[in-house]
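Structures given as structure tokens follow.
Two complexes are shown next, each including subunit A; its partner changes from subunit B in the first to subunit C in the second.
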Partner chain A sequence: MQCVVTGGNVKVLAKAIHSLSRIGEELYVEPQKDGLALRSVNSSRSAYACFLFAPLFFSRYSIPNGKDFRCKIAIKSVQSVFRSVATLEKTVEKCHIELDEENDRLTFTLHCKHGLLKTHNLSYQDSESLQAMFDKDACTTNFRVNPRVLVDTVAHFPPSLEEVTVTVSDERMWVRNYVEDETERSKAMLTELCLASDEFDHFVVKAHNSFTFCLKELRGLLVFAESNNLPVSMYFKEPGCPVVLSVTDSVMEGNFVLATLSDGSSPPKNKSKGAHTQQSLPPDDFMNDDMDSYLIAMDTSVASSAAEPPASTLTDPCTSKLPEANHKTRTHSEEEEEEEVADGPDRPPNKKFRSLFFGSVLPPSPQMSTQPVTTQEVLASDSEDES
Partner chain B sequence: MPLSTQCQDDDKKYVLVASLDNARNLSNILKAITFKDHAIFTATSNGLQVTVEYCKTLQASAFIQTEIFQEFTIKEDLVAFQINLTVLLDCLNIFGGSPVAGTSTALQMCYKGYGYPLTLYLEEGGVVTVCKIKTQEPEELIDFDFCSTNVINQVILQSESLKEAFSELDMTSEVLTITMSPSRPYFRLSTFGNSGNAHYDYSKDSDMMEMFRCTKTQTNRYKMSLLKPSTKALALSCKVSVRTDNRGFLSLQYLIRNDDGQHSYVDFFCCPDEEGEEE
Partner chain C sequence: MRFRGKIVDVACLNHFTRVVTTISKLTKTCVLRLNPDKLFFVLSGKVANGGVGMWCELSQANFFDEYQMEGFNPENNEICLEVAPENLSRALKTVQNAKSVKVKLTKKHCPCLTVSAELPTMSSISRVVTHDVPVDVIPTRLWHELKEPSMPDFDVSIYLPPLKTIKNVVDRMKNLSNFLVIEANMNGKMNLKIETDLVSVSTHFRDLGNPPSGDGASQDGSPTRDPHSMAEVRVDIRKLQQFLVGQQVNPSKSMCNIVHQSVVHLILLHEDVSLQYFIPSVA
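Let's turn to the complex of A and B:
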């Protein structure tokens, strides 16, 4: 694999990496035919981000022949290559990204002014494919707005604020900080901002809705969008479904997929394969909220065999090579069968991922502990295991 | 000037009297070598040398020549004592570390000799402070025996580019290796950290390279913890000379320009890491 980034694009690449670092601790790198994909996901699988740089973004782009290559690197290591964005702009002329498969290293070479050459050889681990499934076209509510508007909006909320609730009607959008408890509501400071539809470049609302998601992870995208002066598009269907935020230009596309909290008033659906609907829920009660609401449906090819210990998390390095194509299909269909088999109202479906939006907050619930241990590797740990 | 009268009566008793209109010309340089509490002050007719040593493997010296002082009187060939550098710096900055535009702290240092304290008279805006700091028997300084005839490789770089490299160095690496060679990569700094290794290469044709004199390819390892203190001196300097000798000992010399455009020097000598071997 050989990619060469020149001039101002080095800064764009660096900012994308810094943005991804706000999501997860590992950077998943996958050179594809349609471009270089850089992805990250958080430990509770409630936030996913992907930047796809088209071949035209690079002055040279060649991908490894034959098999698909993908790897993951500690994101802090990659950040150290692009540490000071301001200096990058002034001094870096070219950035080469090369794959050294013999030594399991990804080499970043920065050609700088004054004859200075910076070479970073970063070790990587083989990884499974990471791809969230989302369908922007199915989203009934979508906006496009100048990033400055969103940056100014979130500036009103303290940096420590975790979640915000966005409510939309035909003409307006309200952004409010999310407070869980009714009792807390009277003690907490509530902030609410209202944006009129004319502040947006594009504002389409098919249903009046509220959705709550994690603000912290969004900030990474906003910084990127603002510095590159790209409008931010938001796609949303209903509470419980993830909200998708995108920035695009002619050679690059960034998507941030954030899980949202179900408001409990409508049967939640998620977008994974074999979508599983549960019976209508009791009034908004945290403990009874459907697990699915917090999930981002993700497609991950499971690279392990049945002998793998079930409690392993996705952050364990997958030392085995990626499975052959036919094995991959077989595993995939096994899971589909299992999903259908587990279709019962009282048990959560046996999904590939179990992730909890409020992993650390949610008290241990009977639903979580009865996760069936099957031939399938459980790729996300229970909330109790999360540090 | 009030300060000059302070010492006059005891003139005959002082073996060393040094005055500066701007105490920062001394304190700024001393900041570059403050990684240990104690320093050895050595004064000769050439000026003042302040030396700090660490673990017998690192030695840093600041040289402030006679010309920098407004007054420099020395009654003996050599005056030496050991003093607490942190305390001295606190005294030099007694009127506050951050300089106010247009004002400066004037300094007069007086020393009566063996066993006597170092007396500092500091004045700013008409306010005078007197500080007396205890002195000790100076410890023997290590002679790194670094002489120019044994120098194998030398480069002189503009500090600007090295500053960038040093600020980005991977601190998870325990060692920093320096490769100097008449052929590629010419001058290379390498780290070996948790995430992998990194190399910073300076071409001999770079416009940051003021002098390039490398006769033999050498790669030497130095403990990162020993080189880290030198970054303070690097930050203050405008040029740095890097030399290695036949034993792999490293000499870093920093040229520091003060507010008045005068030059002072800070030298760092560092032993190579035991485990490493010269090529």
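Let's turn to the complex of A and C:
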């Protein structure tokens, strides 16, 4: 694999990485035919982000032949390569990213002014495919807005604020801080901001709704959007379904998928997720009601290159059932999840969790033409970051 | 009990915000006292506060374009609310560019001071932001604790050197000792001293000037004090530092009164705000 980023795009890449660092601890790198995908997910799997840089973003882009390559690197290491964005802008002329498979290393070489070469060799680990399923078209509510508006809105809330509730009606959007604890409510300062639809470039609301999500993770995207002056689009369907925020331009697309709190009851977040997997059946048995709670009940739209499952295997019939099964069992499983809340909050061992959660990806098969599901990733639909 | 105030002028809003921010740096919680003419931020010098007392007085007409209040009852036409000034400060800071800011006493999930503002936007419809700052209403039986502290019988009254200078000195002294001695005399001299086993440091200020006898001389027919004799107070250095850190604006007048080995009373006067701060002596 060889990618070369030149000029101003180095800064864009750096900012994307800093944005992703706000989500999770690891950077998942996957060079695909349609571009380089950089992804991250948080530990509770309630926030996911992906930046896809098209081949045109690079002055040179070549991916490993034959097999698909995927790896993950500690995000802090990658951040240290692109540490100071301001200096990057001034001194770095291009950045080479090369794969050194023999040594399990990804080499970042910064070609700076005056012939200075900075080489960073970062070790990577093999990883499973990380992709969230989401369908923007199925969303009943979507907006597009200048990032400045969102940045200004978010400025009204203290930096420590975890969650916000966004309520939409035909003409307006309200943003409020979310206080979950009864005891805190009497002491907490409540802030509410009301935005008119005029302020948005695009404002479509098919259903009046409220959704609550974690603000912290959003800030990463806003910083990126504002510095690149890209409008932010927001897609939302209903409480419990994740909200998708994206920024796009001709050579790049960034998507942030954040879990939202489901309506009414507020289960104490992802603890239930952890409890779930501990009780789940071994990886091979993917199809059971418990697991459905992790799946987003949406048809996929993204058909990326399929890859071999690292651990578990899924039979085709099973996967083909999944999307519909989701719809039906979702309410049931939501309740289940809430019951699970009381259980131990320990997170399951990584490997098991990973294989259950992100399951397998279908190998290319004739069935691909009949069903849109090729990759699945799961994101708990109605739990959130543990604060 | 009702209260409603509106600030339209940008400079007034800015000034008010700075006052509230200064208060928020001095204490985590205080009492906001409202009467038809003035607002007070009060911290009574109880043991719980480390004996530190604060009294800040603002004239409402200098800040609010509209100001209406109805107190507890006609005899006690005042409102006393316990509030965390930091919340209020945060709310005000976010609305600095508003067309107008309203502050109201409301009852939401609990009694609140609601700060609401209309923010200018590119579109025709303004953005409306509301901050509900929770408050506790203080019952009338406790109002006696919130009276303006009486001017103590001080031994020395002296104008302070520039606050920034004192702050620099105190910041460095804080690294060496937990306690600081402030001493001054009626001849314009003030010293800040620290003493530990290893080191003693003192900073001397001269020609500071003393407020005229009407304001500041020793009272009650005691024999005229020897102008060179020093009165001193030993205070917890962190309390003094906390006072200095919060000061964002240079006051038009700043002075302190010292009651020998008892309390130091710091007074800052701006055009429309006065702030008094009492730091007790420690043994």
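Note that in this section the second predicted complex is superposed on the first by the 262 of 387 C-alpha atoms of A that agree within 3 Å, B and C clash if a C-alpha of one lies under 4 Å from a C-alpha of the other, contacts with A are read in each partner's own complex, and residues count from 1 in each chain.
Keep this in mind: contacts are C-beta pairs under 8 Å (C-beta built on N, C-alpha and C of every residue); 3 or more make two chains touch, one makes a residue touch a chain.
Keep in mind the model is a prediction, meaning the values are calculated, not measured.
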Fit or clash - subunit C, subunit B, common subunit A: fit
Subunit B versus subunit C as contact partner of A:T87, first or second or both or neither: first
Which of subunit B and subunit C A:E199 touches, first, second, both or neither: second
Which superposed partner A:M173 touches (first subunit B, second subunit C, both, neither): neither
Subunit B versus subunit C as contact partner of A:T191, first or second or both or neither: second
Touched partner set for A:P158, first subunit B, second subunit C, both or neither: second
Contacts of A:L222 with subunit B and subunit C, given as first, second, both or neither: neither
First, second, both or neither for A:G115, with subunit B first and subunit C second: first
Partner chain in contact with A:S123 - subunit B first, subunit C second, else both or neither: first
Smallest separation in angstrom, by C-alpha atoms, between subunit B and subunit C in the superposition: 7
Footprint overlap on subunit A, comparing subunit B with subunit C: none
Of subunit B, residues touching subunit A in the complex: 161, 164-165, 167-168, 170, 185, 194-203, 205-209
Touching residues (chain side subunit C, partner subunit A) in the complex: 87, 90-91, 94, 108-110, 112, 119, 121-125, 127-134
Complex contacts: residues of subunit A adjacent to subunit C: 152-153, 155-156, 158, 185-196, 198-199
In the complex, subunit A residues that touch subunit B: 73-74, 76-77, 80, 83-84, 87, 91, 105, 114-123
